[in-house]
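When the chains are written out, they are named A, B, C, D, E, F, G and H in that same order, and each has its own residue count from 1.
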């Protein structure tokens, strides 16, 4: 019933168009399909601007394919993240349009060309951060955003980012990906008045502690204007950026 | 030179209007005032949409007053956070317009009425989260945003948030403040397609570990579309929300 | 002597039926069998409602088989958890009734049909939580409980759980399994007056920290009425649920 | 609508007894009272067997009193936890029946004698755990349970608990409170077939780390049948115990 | 000079038996052999009662063999821990008396029968703790102690340890090895007046955190009389036990 | 019954000297006195060589006094740790022999002169570690050991400890107390063949993390022969040292 | 004997100038004075370039004074850190030259003017870092270095540090003090080829975790050329800087 | 412009030698080459004394080769760390002078013989620390320093380091590498007045926690004069040592 036109249903009931049983059914419509091992959230696209995205890790190839099939009945464009190549190959048999990004480990199915709204800029501090950047890029693109990239501009050579201040200024929202010390978002946030989404990565020596170090750095930034997502979560950053980027576009 | 009109300076140099020394001075203009114990960033308003905000904790009353005085030469409206009442009283002697929020511990100086652009909604899970909510509210307001509040809608009574879905939908950006288990942002994010900023608070029993528990919960949300700021950091959440909220407003 | 009928032994001693040596032997009866590398707790079924369960990880195939053999002299139905398939194959040679659950990695030996008492409902937030759910299911079933499952109802689509409130209400005890942010138990606990057992899983992105995040979330729930077990410990949740579920059944 | 008789409402609408507007109102009834700084969950007693309990820490005396007043319109018996004596004194002015437990820091208002159903046994390892035990006791009692106590039976003198095995066996559910090494629940669980709720406390020397040590001990118990609640959370343990204890009683 | 007879050297110098250069050489004698990649502490046996023990992990097979060869010039009996079987096979070519313990992963070279002084009892909570127990056993034995074992007596079946109190009483020092909740040492220490050395192991489910849980449990024991060694450090426990056990034996 | 002469009781029963009821009573004798808020372990002296020691923190003055009174019926010499001076003053009214150590915060009651067996040496790295050293000293002394002290010999001036090697060699067991980096026990253990008990203290700068740093250092010592007790736990170290020191003395 | 002229002593012995006893005395000279509660390291100045520095925290006023007196017999200039004002007042009675820095909490006694060698630059990110900066400044100055300061140049306004690159280049060694995100050292290290010492401070919001966040940031810097000292340890940074700064000066 | 001769450029502009566009180009010269997946910092050698060093982990062989090629246009000597042998083989095809250190996993390209300035001494506590020592050695050598090594001198045999005090005294800067308890730097720092760089390694048993234990030990050293780098970061230690070692050499 959440997100249904409750008033319409009640008017139809009152007017006799539908009976009480049907009204209950409509009001309680779960908005999902039960495919035994999963409850596919087929209503998500309406609520959240994009269909449910499949987190492939920990699911069997067979399960992933079945969820893609179910979601494919409701949406033309689909996304799976953290996918193995073997999973992709099984998905491709059903969806020949499927494409695999080997670095970002995403499966994308584009049956209509995504829009290219607004402007998201994705920055990475180092070359080793590319897998997170690619997951982020694919997610932002299929969600209908214009996306550009600026790689390897970490603070060890601060002039690399200073030289690109105009590029920063031209984006509506900026995603900054960094491992090691995670200092880049603080610097970027101090330069421009754009919302910044920071993604810590698990790249680094010992006391990086699998991304804990840059995560804490980013949370403790003193510039303000930075929202942090989970370690290595390129997908989450892109999702948030997409919601921000589309403000004023529609 | 960053953020200066470099071309203009060089043209003036070439045309002889200014000499080499003056050109160097202009190009290297630091954009700050050195007041001995601090370098006041008087250029920040241009770069970042609001003047430098004073984090009062760990500064003497005297230091805070002097920074306010310096910033007050460049901006009409000013903000100090984590301020004691004694600090406020000293500030008030210089700036009679100064106002103190006892719950949020902010000092605000409004010498022109802030604009009320867009729409930021601030939600808190419990009554104990109010200090963070108030810091957040004061910050967002003085930065020129329209702000509304929805308090005490934690997930222990899920109907409290479900009943307010329309209110959620009417905001441009939503800030969700929660301590204890920090589960509220995950639920809110699943209901609407708005960017969400999550603020963990240090409210709770033992294994809350001063806000670590809700911080991790929020970073691990599976809804997507959530950016997290530091524990108890109402200021940071408001700053980010303000940057997002003004997209398409100007 | 703990759990022996001390009075009976003493009466028999006093009446001369048994001598002092035999009395000491009976009083000090350890209630276990020493099979060299293990002390099999053959008295556990009486004390704890089900025979000792074999935690197979870290034990050789040979050791597991020998413990099953020893326990099989005292109980018809047996359970091993965290078992490899190779271990199962060796067990099956001795116990042809043995069955292996590939997802939950359990070995179950049913030589009499378990009872189906009461009603335990096991809920999982996502499809990736299935291994824990299956370990939990097998444990609860062989311990003689009626068990049902409700999978993939995480809070990112809150209507999935709301739609099933009646199902929640029909159980005597509810087990809620969740990884990522671990927010599901808090929501469920707010909806019904049933005891809830929460199981955090190690499923998730970086700052999940192998289950630490949902563990803390669950411990910090503000609903009340939730008991938490160890990360990925489907067995422990089922054991506790079984003890609760049988209250008033016998 | 959750927990309302949806069918009844629709029948009344269909029959013309109520109009569409009234039907919407009834279906969307939030089940809470908005008292400005709080949304009092007045429907909780129906859903969760006891009215909302007030966690007083971090709330002003005035706020606590107002929430008690609002809840007092719907329920005769009420509970506040983590309360200061000064708060109690203000509450007492409005509710002369209010009683304060100085050790457990609870405020209880009993306007009808609670029932004494089933049997909950609360055990504490040491004398220093008494504040948690008292919070636990008051909560369990006012929720309508028969409650007994067994204090200072830690494992350093194992005979203290062995001597009381019969007492353990006579309870329906057992709460075990322990700080330091938190070993007591493991031992108790090995002795009886009762559901056990373990409460770690923050009592101890340095590497206790404010209760982290006993928390981990309890989560890692190898006995099975133990559900753990948050550090020092006597309230939460009593709530869960009450839900379990009432199984088969009503 | 530390541990040399300084007075003797000086007397010889004074009397002219040796010159200044030779005196300096003797006084500064490092007590080790430099074999390029290692400084073999050939003086250790005198200082610490047993020759340097080789921690094989992180060393190449070749390095281990060379250190054994060097130490073998000074001591008849030798020990290597954390050794792979391949390393053992290379050692065996040089020292045909070498023996490998597959569970404990130790290499022992016995060229004279070790003494069997005093009495060390090694207890393990579960069968999965055997690798640590075996490392511990081999170390204690080759260091010249009488050693006995008692396995699988964890607190989930407390009668297993109670039944063996006499055995506990007959030892001079007791080593208790436990993973999971690590509760066993607390119980044992409460029963006897023997020094106890506790060894946490990394055996267990999720929140065991690779042995952190039992480590904290053991450090927080409230019985007193327990010294804790590093996680899985069977060697260290045996070394300490040996030093204690030989008190009063020589 | 644990630690009772079971055989004697049974013989007396058989011979008719006592009846079955009395035999049960004797066998089940709990060995403690129930004084309402505590179960005083009056049997501990027999089992553990010294009566129960009162950990005063978290107990009221009144509770401490009552426990002293109960224990004083069974033992002449008594010890309380972590005591406030106010508690001492109340104890002194009942036990005029009571003495308070202001640095170590212990209450000792000596009604017979303790023996001075063996030889325990207590070493501290710095002057700031004195409170732990004093608690340790008082405990070891009243338990009947000969105790000596060597303070402020930390590794920053390594010659301070090297100069005292003979003193180290003359003790039967050595306790080493250190905060900061906690490196002293590793060095001491490398010099002598004595059992060493290491006590980390919470003295230090930021990343000491209240004693975590020296705790980890001590657990990771590579010398071997070191048992670690809890942070700041001078009492526990003395207890263990006393058990070791008395080996071969009685 | 370490750091003594061993050869000279032996020559004197051989030539009969001194006897064996005196030779032993000289060789074993501990280089410290035992003042009962402390062993004052009077040899440190020779070994380590500055006399022992008194860490006043955790020492009584009386103890501090006595150590100053003892050290004052051997060195003209002295330093105490983490001192209270009350301690200073007692020291001043003995040493009228003593001076107290209220922000840095240091006591300095200058009885000869320190040298001003080389050039140490101390940078702080924010005004709240001043206490650490002052401790650092006083330490570096009394150790005989030329010291200058540059405060409040954090990365939120990156132009503040860029504008001062020449100043950075003119120092021999740079100390960078930062709390919050601790990003400043990474940026500074990328700009110049000077050794950098980074000091994390405990200044910041929640997830700063008392300085853990900037500590990790600094350890994970990707610029290279940075050595990190303990949280808030201005003293340690100055000590290291002094040792570096004096290279090539003497 | 940072690090460019701004004055020269402006003079040339004023004199008409170059135009405004060219002046802007020169002033904004980024100092890097954009090779698509990386921004190679070709200006680093000038700023930081050595060209950018390639951290090979997480980069494809192809990417590493391309960065080497780009950097090789500007510098004769190059360094790659954390390299696999397969990467080395591809690099060797382009740079036949490339050399691989199997233990330290470095690729070095020497096209001119490095200088051998000053004196760096690298010490390791154990043989298992060799991989870090070798990375450290190769880095220091190719950066133009004279380097020597002293291995296996851990504190378990303190005489090994004492015997080498003269060697310590002869170095300009000392790097100390240690795992396990990490106590060696504290001892070394107490013996000499040289700057010390401490490198914790991840070598050790359980509670080493992948190098956390020695990291904390080193940060908490009480000797002073120690700068700490990241766990296993031999490269970073050598870089800092090189910057220090060259002071006064040029």
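Basically, contacts are C-beta pairs under 8 Å (C-beta built on N, C-alpha and C of every residue); 3 or more make two chains touch, one makes a residue touch a chain.
The structure displayed is predicted, hence computed values, not measured ones.
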item	value
Intersection of the contact lists for chain B and chain F	C, D, G, H
Set of chains whose contacts include both chain C and chain B	A, D
Farthest-lying chain, centroid of Cα atoms versus that of chain F	A
Same-residue or different-residue interface between chain C and chain F, half as cut-off	same
Chain centre separation (chain E, chain H; CA means) in Å	38
Whole-Å gap separating chain A and chain B, where each centre is the average of the chain's CA atoms	25
Chain D: positions in contact with at least two other chains	2, 28, 55, 126, 156-158, 162, 190-191, 205, 207-208, 212, 215, 219-220, 222-224, 230-231, 236
Chain pairs that touch, as defined at the top of this document	A-B, A-C, A-D, A-G, A-H, B-C, B-D, B-G, B-H, C-D, C-E, C-F, D-E, D-F, E-F, E-G, E-H, F-G, F-H, G-H
Chain F residues touching chain C - in the complex, by the definition given at the top	1, 6-7, 10-11, 13-14, 16, 20, 23-24, 27-28
Chain B contact footprint on chain D (complex, rising order)	2, 28, 30-32, 37-39, 41, 43-44, 52, 55, 57-59, 63, 67, 200, 202, 210-212, 215, 230-233, 236
Chain D partner contacts - residues on chain B that touch it in the complex	126-128, 130, 151-153, 156-160, 162-163, 203, 205-208
Chain H contact footprint on chain G (complex, rising order)	2-3, 47-49, 53, 55, 162, 165, 172-173, 190-197, 215, 219-220, 222-231, 235-236, 239-240, 243-244, 247-249
Complex interface listing, chain C residues touching chain B	125-126, 154-158, 162, 180-183, 186-187, 189-191, 204-205, 207-209, 212-214, 216-224
